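You will see chain A twice below: alongside chain B first, and alongside chain C after that.
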Partner chain A sequence: MDAEEIYKEMADAIVNLDQEKALNLANQALKEEMNLLKVIEKGFGEGIRKVGDLWDDGEFFLPELMSGAQIMQKAVDVLTPQLQSSGSERQSSGKVLLATIEGDIHSIGKTIVATMLRANGFQVIDLGTDVKAEKIVDVAINENVDIIGVSTLLTTTMLNQKKVIEILEQKNLRNNFKVIFGGAPVTQGWVDECHADGYAENAVESVKLAKSLM
Partner chain B sequence: MSFTQWLGNVSKIILFDGAMGTQLMNYNLEPGKLPDFLNIEGPEIVKKVLASYYESGADMVQTCTFSANLVNLERQHLSEYLQKINIEALRNIKDIQPPRGKLIVGDIGPSGEFRPPVGEASGDQWKNGFQQQVEVLEVGVDLWHIETMSDLQEMSAAIHAIKEVSLKPIIASMTYRKTKTRGFFTIMGDSLETCVNTLEEENVDVIGTNCTLGSDQMIELTKELVQLTDKPVSVKPNAGQPRLEGGITVYDQSPDEFVNDIEQMIDLGVKIVGGCCGTTPTHIQKMRMLIDNR
Partner chain C sequence: MGILRPKVALLNDEYKKKIFEEAKHILKSLGVLFENSEAEVLLKEQGVPNDNHRYYIPSDLVDKCLTSPPHEITMYDREGNVHLSLKDDNIHFDPGSAAIFILDENSGQIREPLHQDFIRFTKIVDQLLNIDAQSTSLVYSDVPKSAQDWHRLYTTLKYGHKPIVTGTFRKESFSIMNELLLTCRTSEKDLAAKPLAIFDACPSPPLSWSDLTTQSVIDAAERMIPSEFISMPMSGANAPITLIGSITQHCAESLAGVVISQLAKKGAPIIWGGSPAIMDMKHGTTPMGAIETMMIDIGDVEMGKYLNLPTHAYMSLSDAKIPDAQAGLEAGMGALLAGLTGINMISGPGMLDFESCQSIEKLLIDNEIAGMVKRFLRGIHDYGSPFAEEILKDYDNTNELLSHPSTLQLFRKELFLPSPIIARMTRDEWKKAGSRSSRQRAKEEIEGLLAKSPQKALDNLKSTELDKISSKYL
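What follows is the complex of A and B.
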């Protein structure tokens, strides 16, 4: 079987949510000393992009989206030690800090976004829920992230999303980061009002948005 | 008149209430604060909202207990308040003395925890969480409304929890979004048809839908829903989509537009009408007029 065929099998394993097959193929790639970066990009990565398309089309739902992303992650985990020891690392799509804002303990949307971003090659720091705007900014500076993603489900806590941008402006650091919002009540109008860099309707859209900002 | 008699009366359209959560925000509900906790900390506010719906002509109003199930309260580190929140919620709705013949509905909302692979909740955990809430509310409610469920398995867990403790009627409302090409599904992937089939097997009294969709899209869903079942149907759409303006949540759709849509749903054969997020006593008043003038 040539490499292209194996890549296709890898992508199919992700789309079919077949973890055993995906992990077998990852191990086969190690054994046959394939180009692991290509394996991730053209094989499993292609699979997770297709999972995103299937979500867009209404063929896949939350369980399939999460399974696909988790299998992708496990396959990448199989390849990572070899990638690191060979000195070639998967090219990071970017570094993203995620948090649900102060006053809000809803985590599910943010967790799904984190899983999808990781599956798509982003480094993700997830600060969890009910996180103060000040802390989000501090970690963003210390970790030198590219994108800050702030989530909220409640219209009442939505106001705190704006605080993140205000603090960055006060510190004259607004241009150092892209700031994106997520959560059911967020609209383009709110993004404009806060001078944020964008928002996404769902986890699949968030990956597209993050990529467009890099 | 009991709820079952209402259901049996072919000419009766039952008027449900409007939103609780978005109404409480008008009273400066602290951001992130659990609305259900106001049953203890701000009972007067809860009573005002409940009373406003009875006064607007609702036939039945639900308790302020959307989030007061064990799984949800545990997540918010409030599990020790389960009894108290639900007891006070009952006290609050009894205190306002619903007009004679009007009913009290026990409100059961989702746990907020998903099953694998999305989250870690199990069916038993859900069922136990709901059952503890139901055991408290059972003494004071006339019927149940399980609402805003996006997972049919969680819905079944809630139905089983109620049936273990109560013989009272159940309205079972799932929440759907519209997919690009395949019609209405829950975010967990249950199609409208699958939901209807399961809810019929579970033998609930009313098959309902609420939240996520505005009234215009809910007309579309209703057309399909009434074709799929002979059971009474309940609809509680949102008042369009929310928007934040200068720090205040605004719903652009006017109550009149909303009520026009509701009329279309009644014409399609819906038995119970009400509103979800963004709807107000004005919406209910206008629906009362609509129903009375038919």
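What follows is the complex of A and C.
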């Protein structure tokens, strides 16, 4: 079987949500000393792009989107040690910090976004829920992230999203980071009012948004 | 099936018996008008007393005729595969039939339908997952009047594969329609064994069976083709104002149909159907979306079930003139009540304006309603206990259950997944998509559905044969 055929099988394994097959193929790629960057890009990566397309077309739904992304991540995890030792790590799409803002303990939307971003090559630091704006900014500075993603479900805690931008402005660091918002009450109007860099309506859109900001 | 099959009922056994006995008494004492010579011969052969065309049917003959019709009818598709089964509390939807107008979704105008409209309508029904059968739903004006009944069946067979609810407008048409149906079967025997079409037969209230409709029942019975009785008492106008009186009249008219069909051919398949209505006491109209109309429908069907016959009703229709909020609420209530009653064939999706106007936009919205009703009736399923504990143990590993194996395995079964016609997007997504109403979103689906390949391609030979028959009689 030539490399192209194996890439296709890898993509199909993701689309078919067949974790066992995906992991076997990842191990086969290691054994056969394939070009692992190509394996990720042309094999599993192509699969997750197709999963996104199927979601766009209304054929796939959130459980399939999440499972596809998780299988993709597990396959990449199999390849990562070898990639690191060979010094040819997968090129990161960018580094993203995610947190649900202070006062809000809702995590499901943020978890979905984190999974989708990781599957699409982003490094994700997930600080969890009920995180103070000050902490978000501190970690963003220390980790030198590209994008800060702040999530909220409640209209009452929504105001705290704005605080992240205000702190960055006070520290004169606003231009060092892209700040994006997520969560049910967030609208373009709110993003404009806060001078944030964008928001997404769903997990697939969030990947497109993050890529557009890099 | 779920733990319980959700049900609704308006009558108890005591009242069903009372209604049945009174209906039989009506047939014996008031009699039924039959204007069909073949039916009159059949009744006279049984010694049924008559006064001119009015026949006074003895109760023992009714009882005898009730012993022979089948309790269930399996319908087959055009290609001869099992498609649906009219039995127990199974439910199926088909579009409301024989509309003389169409709401043109492009012009927004209500106008007379053309053949092309019915081709489009049939192709759409072929694609809709929750509409189980076709119906000859539009009466189009661009064929000769003498062809207006059978030509619709020809068109349905050409462009759709699902079983068909149809009917005759002229006695002569039955044989043409039978000929059309036979193109899809190997013989009359094969057509009887694998029914493809149901013929509606509508008695005229009160207590009268016209020549045409009686002939249809006899012709269908002789060939073991299912007949669907559509008794349509109008409460307060040509039926008692009381709901129970209208149900009793419906029962009497339908029992007369049972007698004629079983005398024509013992064991002929029949469906206990109806299209009753109250009369709107202000406008003098026959509102199909009235809650009392639905209550009569439910009572009628309960009587059909009491007599162990497959059932039908005209529900899920609306009297609104466009697919607006009234259309949604009337169609939604009707469909859910029909589902809860377990009506085997529910005719109505797409229909507006007292059964006079079809709308593809409404049909697509009703397809969503039908899907939701079917989901509701599947009830709450037990997949084995513990119901939640094991799943919740896994939550801490992932902070979500979307990717849990149980979610992936069961979400398509547990949830009805609506089409984009049902707005569940965020407000901003809705705004970005043009802030459209459900009616507008339904309209947007139409061209995509029409562009799809047919669910089952029509065999070339059958297609040619159908065309030949159509050319011969046009």
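Quick notes on this structure:
One rule holds for everything that comes next: the second predicted complex is superposed on the first by the 214 of 214 C-alpha atoms of A that agree within 3 Å, B and C clash if a C-alpha of one lies under 4 Å from a C-alpha of the other, contacts with A are read in each partner's own complex, and residues count from 1 in each chain.
Basically, a residue touches a chain if its C-beta (ideal position, glycine included) is under 8 Å from a C-beta of that chain, and two chains touch if they have at least 3 such contacts.
This one's a predicted model, so the numbers in the text were calculated from it and none came from an experiment.
In the superposition on chain A, A:26 contacts neither chain B nor chain C. Of the two partner chains placed by the overlay, chain B and chain C both lie in contact with A:64.
In the overlay built on the shared chain, the residue A:108 is in contact with chain B and with chain C.
Set side by side, chain B and chain C differ in how many residues of chain A they touch, and the one touching more is B. Judged by the touch definition given at the top, the superposed model places A:201 against chain C, while chain B stays out of reach.
In the superposed model, A:76 lies in contact with neither chain B nor chain C. When the shared chain is aligned, no partner comes close enough to touch A:11: not chain B, not chain C. Touched by chain B in one complex and by chain C in the other are residues 58, 61-64, 66-67, 70, 108, 112, 187 of chain A. Put simply, chain B touches chain A in their complex at residues 22, 25, 29-33, 75-76, 112, 114, 117-119, 179-182, 185-189, 241-245, 247, 249. Chain contact summary for the complex, chain A toward chain C: residues 17, 58, 61-64, 66-67, 70, 107-108, 111-112, 115, 184, 187-188, 201-202. Here chain C touches chain A in the complex through residues 398-400, 402-403, 407-408, 411-412, 417, 419-420, 425-429, going by the rule given at the top. Taken together, the chain A residues at the contact with chain B in this complex read 56-64, 66-67, 70, 102-106, 108, 112, 130, 154-160, 185, 187, 189-190, 193.
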